[in-house]
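Input: structures, listed below.
Okay, so chain A shows up in both of these, paired with chain B first and chain C after.
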Partner chain A sequence: MKNFNRRDTLKLGAAAGLTATVPSHVYADTLLKVGAVYVSPVSEIGWTKQHSLGIEAIQSEFGDSVDVTVLDNIYVPQDAERVFRELAAAGNQLIFGTSFSHSTPIQKTAPRFPDVAFEHCSGLVHLDNLGTFEAKYYEGTYVAGITAGHVSKSAKIGFIGGFPIPDIVGPANALLLGAQSVNPDITCSAIFLNSWYDPGKENEATKTLISQGCDVICSMTDTATGVQVAGENDAWSIGYASDMSQFGNGKHLTAFTLNWAPIYVQAAKDVVNGTWKSSTRWLGFNGDVVRMSPFNDSLSADVIAAAEKAMSEIKSGDLHPYAGELKAQDGQVRVQAGSVLPDQEIRGFNWFVEGMIGNLG
Partner chain B sequence: MLRIEALPEPSRTMALAAPLIATGITILISSLFFLSLGFNPIDTLHGFFVQPLMSLNGLSEWLLKASPLIIIACGLAIGFRANVWNIGAEGQLILGAIAATGIGLFAPWQDSVFLLPSMIAGAIMAGMAWAAVPAFLRSRMNTNEILVTLMLTYVATLFLSYLVHGPWRDPAGFNFPQTALLPYKATFSVFDHSYRLNSSIFFAIAAVIITWFFLERSFLGFRMSVGGVAPNAARYAGFRSSTAIWVGLLAGGAAAGLAGVGEVAGPLGQLSAHISPGYGFAAIIVAFVGRLHAVGIVLGGLLLSLLYLGGETVQLQYGLPSAIANIFQGLLLFFLLGGNFLINYRIRRIR
Partner chain C sequence: MDLFISIFTATVIAATPLIFAALGELIVEKSGVLNLGIEGMMLMGAVFGVWAHFSGMPMTLAILIAIVAGALSSLVFGILALTFMANQYAAGLALAIFGGGVSAFIGRGFGSTPVDAVQPIKIPWLSDLPFLGPLLFQFDPLVYLSLILFVAVSWFLYKSKAGLALRAIGESPESAHAVGYPVIMIRYVAVLFGGAMAGLGGAYLSLVYTPLWVENMTAGRGWIALALVVFAAWRPIRVLLGAWLFGGMTILQLQGQAIGLKIPTELLSALPYIATIVVLVLISRNRMAMVLDFPASLAKPFRPSS
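Our next item is the complex of A and B:
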């Protein structure tokens, strides 16, 4: 790799200017430099893996004309800011931050490099050159919750989350609401690890939930530990981000998987064409960002049909996972019957619905 | 047959040669390792040790990252010399950062020029207070300070988590677990707006000078070192062991608290659930790589900081996975610390 000086940057600028006038499928030598920062190590499955698939989609779209630099396992803010600065200074035109933990660092870096396009997954603040994108995980957990409601014999399910941030708390609520749509008496115990990647802690948390009687485990972290430990202990599991059925010992009900590829490729195309603008994207089943992986074979056709029906109703807008009446943990009504929770409150979710056990610590 | 013998006194030749031998072995083994993975060893080593320092920004980042390591290691070395094992600098750093942020965000004297100085004083006192708990328990009840300091680190982490998820959460921050940004007056000024290095680097320099003076030139420092090497002799000479415990732990706590304000009023600018990439633990390695000597600690801190930056550079430049970079860092530190064995022992062949 060569070092970039100001002249190279000018040349690149000129190249980018030129390409705006030629058809976009004719790509020059190195037309685009893309940087990505991952919050955990890339493994076979999980959150970071799905982001690396997005980067791979850019590579297969552009072939040799794209130059990709990736850094993994960067989650402490001081380090993240340095890495974002280095990527921007090294001439990357499009830089992806892939974790809520990257929020402040990417917000501090973006204004210093106004010509670089920054894309931040899970971010909420967007600036002139900082766009954000996020998935509607709660649509996936609601559908998964329907299958959980059917299989749970103890009427107790367990949820493990990385951090009690809105993007995790909301889906936990939707999981329970999906299950309660089948059996209103179901409760859900939640544990937060305060880490995205800590297989040891996750192992203990899963065993704790199972010993409390939970017979379905859903874990929103960067590992398959929850699925694996549930399988070893003969409990059902729900995977997150990737299809985790290979780890579930036959007890993997389904997974709500994340498909970032269209967003990554579109951002790259827009940068190449000079049409990139910072925007906010928040997509679920519509937009093909959230998908359900194949349902477990042992689920009856009725259960699968019920889950698929909910999926299509969510797509069409006939069903909203957070439709009223919604009560908080303390029984107080938060959403009246007939209305749904407004979008901005979904993105700021900081309370548990009735039936959730645990607290946002 | 081979036998290990203690040397009558530390070998001066080996004191200088051991790090060179260690570096040589690391380069040899890691080169084979890089080769076996298909990476050019010369390029990779160049990426680790030279490339990060080739730009002004690289130098600024190097010092920025080394400074908390050096500050904490200085404080720890004072205790370690006296066999007082403070493993909980991470927690003391967190308490320092919490105190500094609390003052910076909520003190009524927001517009005063004393805002930042009061944050610094608060951070140092908070770090010392956190270290005073194990000091009290050890000197009064003879508890094991290794366990107490380590466990208080978990308490500190959870306390931080409670604050940023609860009462101190930024009201305008979409419920994300972090505090509001510190006001401009509550942060260290940078030397140049293109770089992140800030005036808190002077604290690292001061810490090194104070530590050097204390360890090498003061009577209290001497008494503590004697207590560490020969506790019975120290007791016979009338040196109180509880003084060593208190001074050793409070020095570590003060230094860690200072590093905490350096981070939160420096590159971070706010508290979140994760404020330290393990500086408190890495500083233990720095203290030992530096052989508990102020000048050695500066070298150790600079080396460890360079290893972090180099680990990122080889990822950036050559696509080396972060795990491989970590293995290389581990190898080097292992041989450096293992090499110290040659200073005090020799291996002899016996017929």
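Our next item is the complex of A and C:
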């Protein structure tokens, strides 16, 4: 029998450490390693939940041959940059960033890992190994706005967004334009929380809008708080990202929901096949990325028919939410009758249409 | 007039969770202990309140369970910082992170179900008064509880013998020990009280205010409560005013946004923080009073010499 002294124990420990670490770098049966960074915690509903469904779609497509690393609640850019770098250094071949807040970190990390495929949701900058994808939320808010226009008695609707960025400002405009297609006198007050995640403040914002007479609330944030508080105060609500009808106290009109799964699965397949190229995808009802959740039962058949007609016309291209004539808040004509706002300007929307009440600084 | 009532009531409600947590922390700090873990204790209270509510318990019991959960989680800090004399800053930060993680773990699956919020009470006659009724007498019971607790804490600190002992321990644990007070035991009670109050604040968020459970739902309110205690220079009345001021500025900036005030929203969002700090610093600028109110042994471990 051999007596172990301290040095032997150390050697053994080191050997054990090596055997434990080395094999993890040579996954024989792993086809693909995927990393994803979420901006908020994965809850049962909301923006991040819909992204986690995209990752789940990859997992069910590839089964055990995919290895997924997910980090949630990463919204500070400094943290995000470190996290992206670590994911790339750990050998992930495909990395998803899921927030506008991840823009700079992912743009800084991508060039340093040219062999890794980066996909960035809400991104604007597109590099050799950094693709971007985005939903046409405004198609969803426009259709939701049509239902809001029908039910609003005060002709005032309210909108709550995280930050005043084009992806939030544009949909707010489309919500009002949809409502104005029913009742041209409707106005929409907008509040920005300047936070992606603060249910308490969302509650306060909802109550604020209701106190100013808004009777339909559309909250484009990450929790169901807006829907819940609107329902308690007998106001209509429009959900975002996920169907939030269970929170709405029967007053949830509809939700524009996001279905990222096709984009996630396609990117994973392309990386496995070696055919991945960075590209820009911008999809709405076409592509099945934006969907409308079931309309509220108490809406009349006419209203639902009008909303569905708009949906199919948007799909076919006969209707464009940002078709002229569009005026800005100050009444100045920004899009002439007969033309539509160019895609470039939709992605960079930084002004409110006439009838919006709020300030973009 | 309706708008005024709505701003006033929204302010009071927004301030209530801060008042609970900050009054608790005030007692802790007055005993010479700094517990940075309020955020974690609030989250524990919030999630256990929702858990009890979903298990079918009556609301009063759910709130009590949240209070107990907050107190028990503060015990983690107490054992580290008081018994083992660990660094209080580190132990508090650990509790903040621990509470966030554990509450997220316990709360898995809670987020898809709405909570039936605690309803405002109806006080006979008073609630039906014109103007004053909706302004003052239609809150949920916990808002009134926050005022009762404010009075109780002020009375305890400045009018009771036990409060005097607590303050003495916060000033000079050695002297208090020398005259026979059980310093560590009293500090434990203070820490537990702070935890219970933070748990109550968390329950207010998840059962009354939001009302739903989502991970990390306090969104920094624990840290705001902590800052309130410091900027209020350890005076209960200033904690109360500071919390209302913060709540009021938050509501006003949202009202300002919704009417289209020509001020950038980023600046408006920063307003509650700036205003609260400026006002509290201005009213606490008397150096002498500041020195008197500051618990001199704050965050210093105490080892009883036998």
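The definition used in the following text is that the second predicted complex is superposed on the first by the 332 of 361 C-alpha atoms of A that agree within 3 Å, B and C clash if a C-alpha of one lies under 4 Å from a C-alpha of the other, contacts with A are read in each partner's own complex, and residues count from 1 in each chain.
By definition in this document, a residue touches a chain if its C-beta (ideal position, glycine included) is under 8 Å from a C-beta of that chain, and two chains touch if they have at least 3 such contacts.
Being a predicted model, the structure only gives us computed values, none of them experimental.
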Fit or clash - chain C, chain B, common chain A: clash
First (chain B), second (chain C), both or neither touched by A:Pro164: both
Which superposed partner A:Asn203 touches (first chain B, second chain C, both, neither): second
Contacts of A:Asn194 with chain B and chain C, given as first, second, both or neither: both
Touched partner set for A:Ile45, first chain B, second chain C, both or neither: second
Chain B versus chain C as contact partner of A:Ala90, first or second or both or neither: first
Which of chain B and chain C A:Gln78 touches, first, second, both or neither: first
Chain B versus chain C as contact partner of A:Thr225, first or second or both or neither: second
Chain B collision site on chain C, chosen from 23-31, 77-85 or 239-247, when both complexes are overlaid on chain A: 77-85
Residues of chain A that lie at the interface with chain B and also at the interface with chain C: 41, 73, 164, 194, 360-361
Complex contact set, residues of chain A against chain C: 41, 43-45, 73, 158, 164, 189-195, 197-201, 203-205, 207-209, 211-212, 214, 223-225, 228, 232, 246-247, 357-361
Interfacial residue positions of chain A with respect to chain B in the complex: 1, 41-42, 69-73, 75-79, 81-83, 85-87, 89-90, 100-101, 103-104, 108, 124, 163-166, 194, 347-350, 360-361
Partner chain A, residues of chain B touching it in the complex: 57, 61, 65, 161-162, 165, 174-178, 181, 196, 263, 267-270, 272-277, 308, 312, 315-317, 319, 321-323
Contacting residues of chain C [partner chain A, same complex]: 2-3, 6-7, 10, 14, 17, 104, 109, 111-114, 117, 205, 209-212, 214-221, 250-251, 254-255, 257-267, 269
